[in-house]
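Listed below are the structures to be examined.
Common to both upcoming complexes is chain A, partnered first by chain B, then by chain C.
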Partner chain A sequence: MKRTVLIPLAVAMIASVAAPLRAERLKVVTTYPYIASIVEQIAKDTVRVDALARGDYDPHTIVPKPSFIAKLRKAHLLIINGAQLEIGWLPPLLKQANNASVNPGTRGFLDLSGHVTLIDVPKSVSRAQGDVHPDGNPHYYIDPHVIPRLARAICTKLSEVDSRNAAMYKKNYDEFAARWKAKRASWDAKLRRLKGAKVIQYHKNMDYLLIRYGLVRMGTVEPLPGIPPTSKHIAELEKIFESNTIRFILQDVYNADDSSRHLSKKFGVKMVKVPHDVGAVREAEGIFSLFDEMVRRLTQ
Partner chain B sequence: MSDILITAFALSVVLVGIHAFFGTEIIRRGIIFTDLAIGQMAALGAAASLFFIDGQFVYPISLGFALAGGLLIAWASRHTDNLEAFIGLMYAFGISAVYIILSKSAHGMEEFQRLMASDILFTPQEEVVKTAIIYAVLGVVLFALYRRIDGFWKDALFFVSFAVTVTSSVKLAGVLIVFALLVAPALIAIRVGGGRPLVVAWIVGTLVNLVAIALAHRFDFPTGYTIVFCNALLALLVTIIPRRAKRG
Partner chain C sequence: MKRFTVILLVFIFSVAIPSLRSQDRPDAPKEPAQKELRDDSPADLPNYDDDDATLEPRNESKDPGNGSPDEPENYDDEERGAARTAPKRDAQSMKEGTTSSPFSQSQFVPDISFVLDASYNHRDRDNEIYKTQLRPGFIQSMSGEAEHEHVAPNAVMRGFNFNYAELTLYSVVDPYFDLFAAIELTTAKVLIEEAYFCTTSLPFGFQLKTGKFLSSFGRINEQHAHNWDFYDAPLVYEAFFGGDLNEVGVRATWVAPLDFYLMIGAEALQGANAASFGATGFADPNEIMRVRDSDDPNLGVGYIKTSFDIGDLTVYMGASGAYGRSRINHGVDQAGVAGTAIAAHSHVLGADLTLKYQFDSKRYCALQTEYLYRFMDGAYYAKNETDIVEEYALVKRQSGLYAQLVGKFAMRWRAGIRYDLLAVNDIKLDGIKESLPESLPRYSAMVDFNATEFSRFRLQYNYDHSMYVPRDGSFASRPNHEVVLQVNITIGAHGAHAF
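Presenting the complex of A and B:
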């Protein structure tokens, strides 16, 4: 009698312990939502992916929350933008999370900037020259031609960490790359029409896209990266507006847009708020819609 | 996860330990903003170091600025009738000077903020232990000397030790937390009354911090801001809610 109860109980106990082990999904943490969205494309729901930062915040300064450390502790794989974009907030989080398997240089760590060619790499880093990104401009993913390269790096890394699913990752990557190629053709067609258009940006965060499609960068609203506009600098910009036909002022969603608005009004130049990441605006729900929305706002 | 919360809690207790003393004292003297003024002078030192010598000797330079600020306030407390105005303007001077210096440095403000105020979540355990020892020694020195001396030396001891404390506390937890832990528990203790405001401030501060850290963890709020919020809210409530008459 006793045995008939105990055996099923023991089986149930073993099963309940074993089940979560078997079902445990690979936990991927990314710094920014756009990376998480690419991971979702490659891994679908075989992994659990969490982005630390929100897409509508300034990517340079993210206020840490306790959950960030918890997520980093449990992570099997950490994927970052790199090129020092996270330098202001990620290092102390990593230190406190103390998870040896996702530290830089380990197998569970991927720095996507290692897979692209960066622009504006300074010859010497000096504060006086106004450059504290010694690796170059970190906003490289804003170019749709770069995304497949990032997706491939992610696919390779996922296959390395979780080799059992390598075939599936490869298949998803191929599908993603094909879909992206088709989409990119339509973005290319629309953006190429902007070739030669002169633009002013708030921050140099659209450079890669502007260079790709041959737009002319005439300056930035901020005098130096991260420094709010000064009156002298605005006066200099006004001269540029007076002697050139500026097509747009590109403004991000997180910096104050007073100065851009002032210039826009004074010179009748359209100010376009461009989403820089998934979640920056309501329409940018994933990596595809981010670029759809970016292109729509630039070409409407 | 709990180890980090315990470290954050331990740090907040260490901070309350010494700052409750300074808090009751600055409320008594009516010079609340001394903390912010000295903290801002320390920040000015850090900004100067960051901009002119690429961030070398940040701590000694900001400590030097903080001490200079502390001694200036000590001097002013004997030589001017408008001490609060003097302290307030020292704060305004410090903050504007920092902005002017860093306006020539790309991303300088972000770097500066990181330098000045690490998040309470990020404080390493060793740092908490080290701070606890330093503050304990400082506390004993203050306890032994403070009542025995008088006049300028008393003020000098107070402002110098205060400058040292504020500089290192701000570096650990950020200016806002230091201000909240300095003023809120002390104010609550004074308001509640009783013979030993310092002991009341210690107990209240510790309990509030415990609740704040638990809330931050439960709802995933930024830990530092939650601590400030809870301390400030309770102090405001205790001040607004009328005290029951003690007669009868």
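Presenting the complex of A and C:
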């Protein structure tokens, strides 16, 4: 009885020790699908990339699953959004994965937020302000101008971890950057027409896009980050609707949209469900189509 | 004169207000005239367009991998508003520098959090009657025995109860270890609930943990009380472990490099659990009967856990075993009073299954069930008031289970039901079966409101059919109705919880 258990166990353990000796595809794990999509652009099928979170779920409150631990256990490289967006779900998974090579501070770990400038860095932090991010607004990747910067950071990191393929990564990055630049010109042209338009968003998750294109942020449907709308707050918002011409209400795909719908109906303002990540809506299949769809929904 | 005052006031306001405003908002946008609702963020984003340039090889080796941009800062910016584009860490350290010494270690303060748990309890039994109640063969008294570290949460009396406060500390130690401590504070004493350090850099999926910690036996044992889905621990955990298996020792785990989750772990523990194990020997006052301390470490625990997803359904299951020596002394060493003691070998075996279905980002439904079996083989000592000790051969076969269904049906609301059962209660003294109730159930229902993840209010109802009172040398059933209103508040840097 004991032997039948112990022998496969010993085999598995030896296999796990021997596994790194065998040449295999680099395994990259990303927290969010948009990062995985950029990795695919840079690495094509040289690496195996897995995103942990689903793109249609609230990125702040991804529900941890042991299957994430299994992915992290085998990863050679972990790429995160950072700026504390993963703070509520990733740390215990990473700890349980027992994988020393992807811990923060090691070569197999990349925090993309370190490569961008964050806005809304609070001068003081208090949970009375709701679900605040002490490092600043973490939804920075929603700005199409920042994506090449992220892609470059990923390319640099891939080349560091897997130097044999560095030339290929660089070639792919250059192609990607050129393609992105062409695409971005058309998005810029469309979105710049929205300059000056006043918008209300559910959560401050589109700030980077709105600031980039000069849209005016008039408020949020949630009274404080992470706190569901209250009737008092909606009444305050209604005053803003009464005295301003609001162009859109931007609603994410994962929060209840009752309040946004109510405001939309009452004031005849269009509610736009904006995809926040790859997979948030069916059309957003990759990093290009995510922005295509975002722009389409905002400009149609 | 009046006109002069007015002009002066207007002048002061016109000068002071814009300067105040610009103090508040150093990067205030110029264009939108309207006041934005709480949007006090700067209006400009950095220009990343120079990133369009193709990758220069010289940049590739520059990345320090610690989160700073992979190229040197362009200090030319400083002439035109550098504060805006300076990385946040620089701004922070500059601010730090003005208030603390160059040797300040304040950045190394561990994550500190504080949890408070209090409740209002109502029961349809007077406290005096409740204290005489017991779960025959499992829990001999609800009065909360002094030598037990941990009074079972449902041994609380009626009215307001300060259940516990918990201070947690966590930090990385160095590149090789991290350390976690949970210090439990009651109104009377301070207990080290957990204090352990863990390896962070062992190869091949291994991890070692050393210190005092909650064993990973079963499913719920490892969870802290404030993370439970119900106010109280499952009955079977209270019966077999006095609430939880919390021991001093070493744990080793290994996570298999497979496509699904598979973890194997083993623990060598001191074995001081008051309900099933124990290392300290005992003797009667006349030292005629003496049981030696057991060899230490006294308790071994092993488990295997696995999990996989089927679409939005997560399946998690595990099997656990604990084997150790039992030295359980209930007053056998005190002269002039009746007392009992057990010296035995004990096995506790457990199986657990959790099924969690995620409806969408905010809503789920989870079924969680555990079955535990205890086998104890040894000697039972009964001492009467005249200090005469009688010894019996003891064999205990007992089991229990719980099954709970919890649903999060809105962003802030959860509700759940739980069924507890102590099922087999087979205790033989010198081969003769004791007359004990065979089935002791408890039924619970709860609803909780989580204003945020840091504050929770819970209402729970228990119909506790596991309670008995001694009568005429036997036991009479005395079920309780209990209602608990519980509040659980957390402040500070409290780490996220595992699955």
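For the reader, a short list of remarks on this structure follows.
Rule of thumb we're sticking to: the second predicted complex is superposed on the first by the 274 of 300 C-alpha atoms of A that agree within 3 Å, B and C clash if a C-alpha of one lies under 4 Å from a C-alpha of the other, contacts with A are read in each partner's own complex, and residues count from 1 in each chain.
Simple rule for what comes next: a contact is a pair of C-beta atoms (placed from the backbone, for glycine too) under 8 Å apart; a residue touches a chain by one contact, two chains touch by 3 or more.
None of these values were measured; they are calculated from a predicted model.
Partners chain B and chain C clash in the overlay (superposition on chain A). When the two complexes are overlaid on their common chain A, residue A:A177 makes contact with chain C while staying clear of chain B.
Of the two partner chains placed around the shared chain by superposition, chain C is the only one that A:D56 touches, whereas chain B remains out of contact. The partner that reaches more residues of chain A, of the two candidates chain B and chain C, is C. Once the two complexes are laid over each other on the shared chain, residue contacts for A:V295 go to neither chain B nor chain C. In the superposed model, A:T230 makes contact with chain B only, not with chain C.
In the superposition on chain A, A:I80 contacts neither chain B nor chain C.
In the superposition on chain A, A:S159 contacts chain C only, with no contact to chain B. When the two complexes are overlaid on their common chain A, residue A:H115 makes contact with chain C while staying clear of chain B.
Chain B runs into chain C after superposition on chain A, and of the options 153-161, 171-179 or 189-197 the stretch responsible is 153-161. Taken together, the two complexes place residues 61, 63-67, 69-70, 73, 88, 92-93, 95-96, 127, 130-131, 226-227 of chain A in contact with chain B and also with chain C. Chain contact summary for the complex, chain A toward chain B: residues 60-61, 63-67, 69-70, 73, 88, 92-93, 95-96, 127-128, 130-133, 223-227, 230.
Residues 9, 12-13, 15-17, 19, 54, 56-58, 61, 63-67, 69-70, 73-74, 82, 87-93, 95-100, 103, 105-107, 109-111, 113-121, 127, 130-131, 135-137, 143, 145-146, 148-149, 152-153, 155-157, 159-160, 166, 170, 173-174, 177, 181, 196, 198, 204, 207-208, 211-212, 214, 216-220, 226-228, 236-237, 240, 244, 254-256 of chain A are the ones touching chain C in the complex.
Of all the residues in chain C, the ones that touch chain A in their complex are 31-32, 34, 36-39, 41-49, 51-52, 54-55, 57, 59-60, 63, 65-70, 85, 87-88, 91, 175, 178, 198, 200-207, 253-264, 305, 307-309, 314, 316, 358, 360-362, 364, 411-412, 452-454, 491, 495-499.
Residues 1, 4-5, 50-51, 54, 102-111, 113-114, 118-119, 121-122, 124, 216-217, 220-223 of chain B touch chain A in their complex.
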